[in-house]
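Input: structures, listed below.
The two complexes that follow have chain A in common; it is paired with chain B in the first and with chain C in the second.
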Partner chain A sequence: MSEHSNSAHAKSPLKMYFSIWAALLICTYITYKAAFIELGSFNAAVALGIATLKATLVALFFMHVWHASEKLTKLVVIAALFFLLLLLGLTMTDYATRPWS
Partner chain B sequence: MPNPIPQPAMPQPAIAPPVERENYLNAKYGVWSWLLTTDHKRIALLYLLSITFFFFIGGFFALLIRLELLTPAGDLVQADTYNKLFTMHGMVMVFFFLIPSIPAVLGNFLVPMMIGAKDLAFPRINLLSWYLYIIGGVMMLHCMLTGGVDTGWTFYAPFSTNFTNTKIVEAGLAIFVAGFSSILTGLNFVVTIHRMRAPGMTWSRLPLFIWAHYATSIIQLLGTPVVAVTIVLVAAERALHLGIFDPKLGGDPLLFQHLFWFYSHPAVYIMILPSMGVVTEIIACFSRKRIFGYSFVAFSSIAIAVFGFLVWAHHMFVAGMSVYAALVFSLLSYAVAVPSAIKVFNWTATLYKGSIHYDAPMLYAFGFLGLFTIGGLTGLFLSALGINVHVTDTYFVVAHFHYIMVGGAVMGYLGGMHFWWPKISGKLYPEGWARLAALIVFIGFNLTFFPQFLLGYMGMPRRYYDYSHMPEFQILNVLSTAGATVLGVGYLLPMVYFLWSMRYGKPAPDNPWNAAGLEWKTPSPPPTFNFDEEPVVTWEAYNYDELDSPDKGAPHKEEVPVAR
Partner chain C sequence: MPDSTVIGLHHEDEHHPELLHHFADAQQQRDSASLGMWVFLATEVMFFGGLFCAYLVYRHWYFPDFAAASKSIDATLGATNTAVLICSSLTVVLAVWAAQTARRTLLIVSLILTMLLGMAFLGIKGIEYREKFVEHHVPGASFSFDKVQVPGHPDQYANPHHAQIFFSLYFVMTGLHALHMIIGLGIFLWLLIMAWKGRFTPEWHTPVEIGGLYWHFVDIVWIYLFPLLYLIDRHP
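What follows is the complex of A and B.
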């Protein structure tokens, strides 16, 4: 793992980190602004969408998933996403099929 | 004893060399050499001490619960005190004893040794995990001493978020911190098992103990963050009235249960899978046979870890969830029993025509087999929607999960402690006492918990401190309390003779059971870096046929005295 992250770092890691940071701040600002626009139930969707984007950026760059050469890292990422899907999907079997509400 | 492991008739060869060789215990002395150690074996012992401490605390609460239920009237403690007692009992036993028990003690000690590594992949993270556990534990103690919690270990909203005025946030934080210790242990095991296997130690040669810990680690890594987030949400809802679980603010109280059980059902497999790993090792050794269906046992561990995540809503059938979803979860709960059954059948097939030895570890393994099977089968009763409606929230559920968690997980833990004690301490424990203790535990356990199945079936609700409207429940409750006393004696005994053996026990040979596995090919107790030279593995796991074959020079016949 070390060789690879080194080569990624070699391409001016600081610049990369700061630009990701700026992107995150911009996203936060958009979230804030979007909250004042009346979109009905889409407000939550927009907020969640932006949050997902931010989490992805953090995982890819700050947590070095983008440059990971390790198979194990990829396995962990895929497994985590898969289990998140299970959590959301199976929970929705309840919410989507309640005969009341 | 029908057929003991062949042992030398002549006087035993000198066991202890005149000078004690350097090992992980005597390599360094002093408190700091322990508190700052990065040796996985020493960290395992730190964990052993700390979880034993919490086991006593949890046991003390259990004793008070059982004493209260001795009589139908609520006369020993008050209602809110009783609520706190069962809550603190559950929280301590689940989060501070059972979840760390086998992985953090036996797993920490054995995972590197079994795969032929010098240590875990991240020794300092391993130490950090113990400190996190201790910080969480101290927070928990503080919480208990300043009032405790009364929601039950499950923290159900909206009681936990809107109503109770006990120390929810503090207990939640304690569990949050301890959860990270669990995540770090899992992380360490995954990386260690992937990266640090000795040459020749292929995946298909790994002891099944390792497979079980690998599966456990998957659950720890993927499940624990969810419960951590859930706890944060409860705290946030309490402090900021966010409206996540409160319907008045647009939340949904069942969401809490979904999130909580997404972790907490798999968490029951964090407790039982390592125990299954222990039992697999013991059964192979004391039937002197290769495990029947190695790859089925290995992959059923992974299957349990994955399927375990698909069944959580079986804890919510009567909570008001969608009936259609209930149907799905009921079916999936039936499916999760399949990999467990695969294991039970394979263990039984291993015993078949084995040359079985009834040493103490094996007695615990037998106990595990029977009690886990009862626990698992009653789980199927509970997964059936029709039965569940009747017995949910009764003592039937209490009996079910104690058969699994105490009858299964704790039996395995004790069996493992006996099996590897000679390796850990370098001393032999007194075999006669150990068999007696195993018997007492088994009898005490059944006397405590079997009556609870009947009580639940008759309709006694769980978490009630007063059953004076149903005095006919008393006789079974008296039996249960009496059993708990016996069980308590059974647990104290090993504590006493393990301590005794550290001073007075006979020195243990390297391989007292003539067992297969790399951990037995190094001195007892092992040197700090486990192996004097890196082992190279050229044999399959559980090669008992080779170990016992007379033409192979029968190494065990002249090698070492047998512990008994």
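What follows is the complex of A and C.
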């Protein structure tokens, strides 16, 4: 396990860090510009889609989930997301469908 | 004597003074520390998740009023703050990398830059809050949101009571986020002092990694707050 991480540290990750940083700034610019274009209900979808892409990039590469030597880290991340989606998803299936009754 | 064998084992296994006895090696100790931090971050996801949930329900109920209230916040300041936080996340990964590769100067410079960017974020946030106070958009006795048109419906005015719910969520969510930023600045000041004293080595720099995870998490929260609070129905 330690040999693996040593080899991962050996090659410089700086290029990757700067690429992710540039991608995050470009995504922010696109979110900002897209918000002023009429897309109907897709405005929210585009904004949240880009936000999720940015959050995924930060978690995977800046927070090192992708190269985590401890596999349990991924389990904790997935568990947190699962319970968050359970909270938001089940709440909204109630509130968003009330007008139907 | 069992004691002497334990001590004997100790001596033949020379290790870094920061490596605690119950870990096999430095890597396992680092992995355990970051796993513990991730468990804490999972509780933070739930903490902010409740607020996001409240936001979603009220946004669903009072969408036109939320859109009108969102339009009164300066989206350019919000976008600038997003860029500031993304830059601070870059300086944080640089700090962690500098600690891993024993680059003391880069570590100290990265930590200072992170703190400066964090303070810039709070300063911009302060300008934004000031605008809201001046416009009487702070929930409470002096709140006023009269005759504000709903975007896309020139004949329709936003309901001030519903707009007040938006501003309550805005202040609680951004305020709680700003509180996390202030705590983060405290953590980074401590990291800076430790780095200055040369405490971090490639074998032991756990606080830099853990502090970095915290800072990135606060960045992710903002990545969602920005579109949800600032960019509801912005288009003309």
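As a working rule, the second predicted complex is superposed on the first by the 91 of 101 C-alpha atoms of A that agree within 3 Å, B and C clash if a C-alpha of one lies under 4 Å from a C-alpha of the other, contacts with A are read in each partner's own complex, and residues count from 1 in each chain.
Going forward, a contact is a pair of C-beta atoms (placed from the backbone, for glycine too) under 8 Å apart; a residue touches a chain by one contact, two chains touch by 3 or more.
Everything numeric in this text was worked out from a predicted model, so none of it was measured.
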- Mind checking chain B and chain C on superposed chain A, clash or fit? clash
- Task: Using the superposition on chain A described above, determine whether A:54 touches chain B (first), chain C (second), both, or neither.
- Result: second
- Message: According to the stated criteria, A:63 is in contact with first (chain B), second (chain C), both, or neither; which is it?
- Response: second
- Kindly classify A:79 by the partners it touches after superposition: chain B alone (first), chain C alone (second), both, or neither? both
- Message: Per the contact definition in the header, classify A:26: touching chain B only (first), chain C only (second), both, or neither.
- Response: neither
- Task: On the superposed three-chain arrangement, identify whether chain B or chain C touches more chain A residues.
- Result: C
- Message: A:45 in the overlay: touching chain B, chain C, both, or neither? Say first, second, both or neither.
- Response: neither
- Item | Contacts of A:93 with chain B and chain C, given as first, second, both or neither | first
- Item | Superposition clash, chain C against chain B - the stretch among 40-48, 76-84 or 94-102 that is involved | 40-48
- Residues on chain A lying within both footprints (that of chain B and that of chain C): 72, 76, 79-80, 83, 87, 91, 95-96
- Partner chain C, residues of chain A touching it in the complex: 1-2, 5, 9, 13-14, 17-18, 21, 24-25, 28-29, 31-32, 35-39, 43-44, 47-48, 50-51, 54-55, 58-59, 62-63, 68-70, 72-73, 76-77, 79-81, 83-84, 87-88, 91-92, 95-96
- Message: So in the complex, the part of chain A that touches chain B is made up of which residues?
- Response: 72, 76, 79-80, 83, 86-87, 90-91, 93-99
- Message: For a test of understanding, state which residues of chain B touch chain A in their complex under the given definition.
- Response: 190-191, 194-195, 218, 221-223, 226, 252, 254-255, 258-259, 262, 309-310, 312-313, 321-325, 328-329
- Listed in rising order, chain C residues that touch chain A in their complex are 25-28, 31-32, 34-35, 38-39, 41-42, 45-46, 49-50, 52-53, 56-57, 60-61, 75, 79, 82-83, 86-87, 89-90, 92-94, 97, 100-101, 212-213, 216-217, 219-220, 223-224, 226-228, 231-236
